[in-house]
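Here chain A shows up in two complexes: once beside chain B, once beside chain C.
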Partner chain A sequence: MMALRRIDPVGLLVLPAVLYLGLVYGLPLLNLLARALVIDGVPSVAGFVKFFSDPFDWIVIGNTLRIAVLVTLLSLAIGFPTALALARARGAAQALILVAIILPLSVGVVVKAFAWQIVLRRDGVVSQALVALGLWDEPQRLLFTEAGLVIGAANVFVPFMILPIYSVVKLIDPRLGEAAATLGAAPGYRFFRVFLPLALPGIVSGIAFVFSMAVSMYVVPNLLIGDRFQTLATLTGRSFLLMRNEQLGSTTAVVLLVLAVSVVVASSALSRRFGGQS
Partner chain B sequence: MDTISRAGLSRRSILKAGAAAGFTLAAPGLLRAETKELVVGGAASHKPWVEQVVIPNFEKKYGAKIIFEGTKSLVNLEKMQKNKGSQYLSVVQMDDPVMILAVKEGLLDPLTAAKAPNLAELVPGATHMDGMWANYLQPWLGIAYNKTAMKTPPTSWADLFDPKYKGRIIIPSLQNTEGLPSLFVAGHLATGASFAAAQKDTDAGFKKLAGIKANLLTIYTQMPQAYNLLEQGEAWMIGPAMSSFASERKAAGAPIELAAPKEGVFAMPSGIAVVKGAPQSDLAFAYVNELLGAALQAQLVGPTASLGTNKATPKPAGLPADLTVHQIDWANVAAERSNWVSRWDREMAL
Partner chain C sequence: MTEAAARDPGFLSIAAAEKHFGPATVLDGVDLAVGRGEFVSLLGPSGCGKTTLLRIVAGLVRPDRGRVVLDGQELTRLPPHRRDIGVVFQNYALFPHLDVAGNVAFGLKARGADPAAIAATVARNLALVQMSAYADRSVKALSGGQQQRVAVARALAVGPKLLLLDEPFSALDRKLREAMQIDLKRILREVGTTAIFVTHDQDEALAMSDRIAVMARGRIEQLATPAEIYARPATPFALGFVGLSTRIPGTVQAAEAGLLTIATALGPIRARGHFLPGSAVLVGVRPERIALGSGAGDATGPAGPAGHNAIRAALADAIFKGARVQLLFAAPEGAEVQVEASSLPAGAAPGALLDLTWAVDDTLVYPAAEAGPQDLEAVA
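Let's look at the complex of A and B:
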């Protein structure tokens, strides 16, 4: 009885989520780990040793991380100002921005990737615009390049940057900035020492969302850059779907998972340290 | 085509199907014993021609009912694995690389000329692993090109390497079955070795392929995407390109054409085999025999844009009579593929 009473009843609210995730995520994850760490019925790390001793696999890890970081940065550069605008806007303008952010979420990734294929073509609008502006001498191809992949992927993931930042920023009391101003704080100081620390939790969850989606994306690189650019996710997919090499597939999946989780955990730890002090 | 399928669906066969549906729930074993029913597992893309041409022909001749399950080769393999000992599939139509896996697991009953006489009438290279399976049709691999962009059609595989097509070429990934000939063609172009030799020694092929990189728009894994780019004119050629897919797009009005290079085209595998422990084993061999026969193949080569494997089957319209057709050594592919893909990843990367 004592033990039961100590459980906060509010804690019970997470029970459905815990059961659901435990069943459809936790158990399969254990299965995946087991496959990666058991070879021919014997526990072994040979799969990982083999993976990490191949220089090519480090290139794949590099590809995966570089693209994820660039996509996250681009999403942040686009998403942060948008989130501020959204928080400040009122009435119809706010509704319009929200619709513009949320509506594209209902369009499938494959459709978006195909649309980018048209936009990034040699005779597509981006190439034409750059030529018209005199930045390019002749139409060039952006399709199937890393730049094209980053631009296209950021388009897919940017709502997941905007929405968490917006939900935090809209709760920041505007009077805090005014109070700082009356105490003599310059605009730059107010932004960096008052506003940014308060917005940081939103930024960190936006980064965590976008990074973890970008690091594991499969369909977008498949369609926007193709077979010549391998990431951990595409390598995993191929190992399972085509090569029937479950050992390699589960190894790359575990490596991907560890990378994604550690980046997300590290970023939230950093934010707690720096955000907490202010 | 429509009339064919309607003729097959007579009032009696509808009644029979209805009764069968009722029976299936009650006594599936009994049903199979009484109505002579044959279950064939194939690819979803086979469905139109199997249902419109093969089934009506077969049902009329043998008075048996055929149920065609159209999925994917690997799904059929799994169905056989799961039901080992109590198979319900009698015949499988699968890609050759998957046939090899099925042979390794002991899931196939070898074909013999005694049980399927047409086996003796096939072109060389159409029977595999001592008759474990045979090819009934062979879609072929040539070069697909955009008619608007290319005023003169490509004539040789070497055209893919021509520097004037910088950024305009798409090739399939080596992980796609239709992508394998890129490697063999490159080897042949580099050393002049025969296509058979180039399949065994791929080193020269890999070195030659590095020279195509500047020409590549991309390497595809999703075929529809590649054809989309070709039809829009962003890409000018896809090679190797599968006849069955390209002709389907062409028929739909896409501005593309398929060329047969002078060095010859490659045959793609469409294998057929009898399942070991198959129900209605005699009928299963009869079904295979029909698909290996010239009469049925002649009706199928047109709609599927494929070559027949029976010596007596005429070539589909539009192909040169002296066309060379190269066969791919699938056992060699099965043994080497993961090494090839691994090297391909490294050397063809951006």
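Let's look at the complex of A and C:
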């Protein structure tokens, strides 16, 4: 009785989430870790040693990080200006942009990936447009290339870049830009010294969202680039589903998890370091 | 006007500034000249265009027509960052990602000043506003009055030719506001900066300004010293907006050598002015100009000394204001009769008839057609 009374009732509100995450996520994760670190009933790091001593696995890690970084950068390049436009827009225009961003989320990833298969074909829209503009001499296939994968994946993840940036940018007081201007700051200086530092928390959450989704995506690479190109996520899937090698699958899954979490943690630490006291 | 202002009366000159937002005319051809070192207030109700005029001078709003010239330089098409004009915003607009010193240093850094010079200037300006002890605090941890001081220091640090203040005290409570008014006057006197101050608070404008521009409906109704605006308001709007006043509508009955006799619901009133007989006019008197006498025992009607007007009215309410008492009298539709006295006259209960007398020379008279502040409030 006494112990219960000391618990802040508001703290109890997180109980369902903690139970849910613990049972459905935490326990399986521990199970995964155990499988990666236990071989034939004996604790061993042999699985990791074997994984990291195989050059192919390093290529897979490289593929995973390169694609995730490129998808994140492309999403940022598209998402940042869109988020600014969304924050500036009023009324019907704002509603329209929001719908255009959120509605595609209700279309499944598989449907989107198949749509991109059509767009990225040798006779697809992108290829034809680039030829028509004179940038390409002849039609080329983007499907089953890394470029195609990056373009398609960025399309799937860009809302998760736009929304966090938008939610931060819309709260930035427009008077701050005016104040900076009256203090003699030119537009570029205002952008880099006032706007960007204040928008940074949103940019970092967007990057963390998109990177962690892109580094672990499974369906999109399967449909847009195929078997010849492996990432940690597709390799994990193959290990469990095709090769029936649970030990390898658990190992790749743990490596992926550690990579993703450390990048996200590092980026938010960096933003706190350079983003001032906000 | 200060000596420097007299030497350079057109230091800032705004000519025929006009601004429309859609169908609404916000500024309707405003001319204003401010002398070097002068402190001019733009006083008016919300929606009168005072903030828009300030933003045009700062370069944050582009006027549809008109020119802005500062210190001989045409500013009209210049972007705000090249104008050399400091602004203190209503909500202060301090940079939340910078500390107090960082805020004050911002303009100097933007201009690429040398770090040693920046540190010295920041220290000097923080001392000026008595915020030196807070240099490395976050601006989010400051009180309203402290944020206000930082905003003033930040705007002054770059040494602007002109300082614009947009209702800077409106978020402060009354005591702090009065302290800040005195402080700001001291700071500006020390620095010698020319300043334009936007406010809707008449007491603030009267207390601080060298001159006041009373604004209504996108125009400047009167530009004069506080004393002149108070004693001789140029329009019924200025009369009603600045200070209390007795206002009685009437019709000119006779006009002889500049002496008018005006028929009102409270009896004839004489005033100096030039109107044709038959003109509808508004008579105004400042409440402290009116002397009170007991009208109860005198059956012949109100009477005052020579050269004075006298009316008799029934006391409706008395409002105790500390040093003074404000007396409100029953008045016909469209009129308002109030007197300020140092004490409540003997036997002055509500309903009592009292005689009000004041000098003919203190009687203000305006054409009646112009809208008073009440009409404007309804629009705004």
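Basically, the second predicted complex is superposed on the first by the 264 of 278 C-alpha atoms of A that agree within 3 Å, B and C clash if a C-alpha of one lies under 4 Å from a C-alpha of the other, contacts with A are read in each partner's own complex, and residues count from 1 in each chain.
The criterion applied here is as follows: a contact is a pair of C-beta atoms (placed from the backbone, for glycine too) under 8 Å apart; a residue touches a chain by one contact, two chains touch by 3 or more.
Note that the structure is a prediction, hence the values are computed from the model and not measured.
Participant: Clash or fit: how do chain B and chain C relate after the overlay on chain A?
Facilitator: fit
Participant: Using the touch definition from the top, say if A:M243 reaches chain B (first), chain C (second), both or neither.
Facilitator: The answer is first: A:M243 touches chain B but not chain C.
Participant: For the overlay on chain A, what angle lies at chain A between chain B and chain C, C-alpha centres, nearest 10°?
Facilitator: Here the answer is 150 degrees.
Participant: Touch test for A:R193: chain B only (first), chain C only (second), both, or neither?
Facilitator: second
Participant: State whether A:N222 touches chain B only (first), chain C only (second), both chains, or neither.
Facilitator: A:N222 sits against chain B, while chain C stays out of touch.
Participant: Just to be sure I read the superposition right, which of the two partners does A:A180 touch: chain B = first, chain C = second, or both, or neither?
Facilitator: second
Participant: Touch test for A:A147: chain B only (first), chain C only (second), both, or neither?
Facilitator: It touches nothing on chain B or chain C.
Participant: Measuring by CA atoms in the overlay, how small does the chain B-chain C distance get, in Å?
Facilitator: 47
Participant: Can you give me the overlap between the chain B contact set and the chain C contact set on chain A?
Facilitator: In the superposed arrangement, which is not itself an observed complex, chain A uses no residue for both chain B and chain C.
Participant: Can you list the residues on chain A that touch chain B in the complex?
Facilitator: 56, 59, 114, 117-118, 121-123, 141, 143-146, 222-223, 225-230, 238, 242-243, 245
Participant: Which chain B residues qualify as touching chain A in the complex?
Facilitator: Chain B residues touching chain A: 167, 173, 175, 216-222, 225, 228-229, 232, 234, 337-338, 341-342, 345-346, 348-350.
Participant: Which residues of chain C touch chain A in the complex?
Facilitator: 58-60, 79-87, 89, 91, 93-99, 106-107, 109-111, 138, 154-155, 158
Participant: Under the touch definition given earlier, write down the residues of chain A that touch chain C in their complex.
Facilitator: 173, 175-176, 178-187, 189-190, 193-194, 197-198, 275-278
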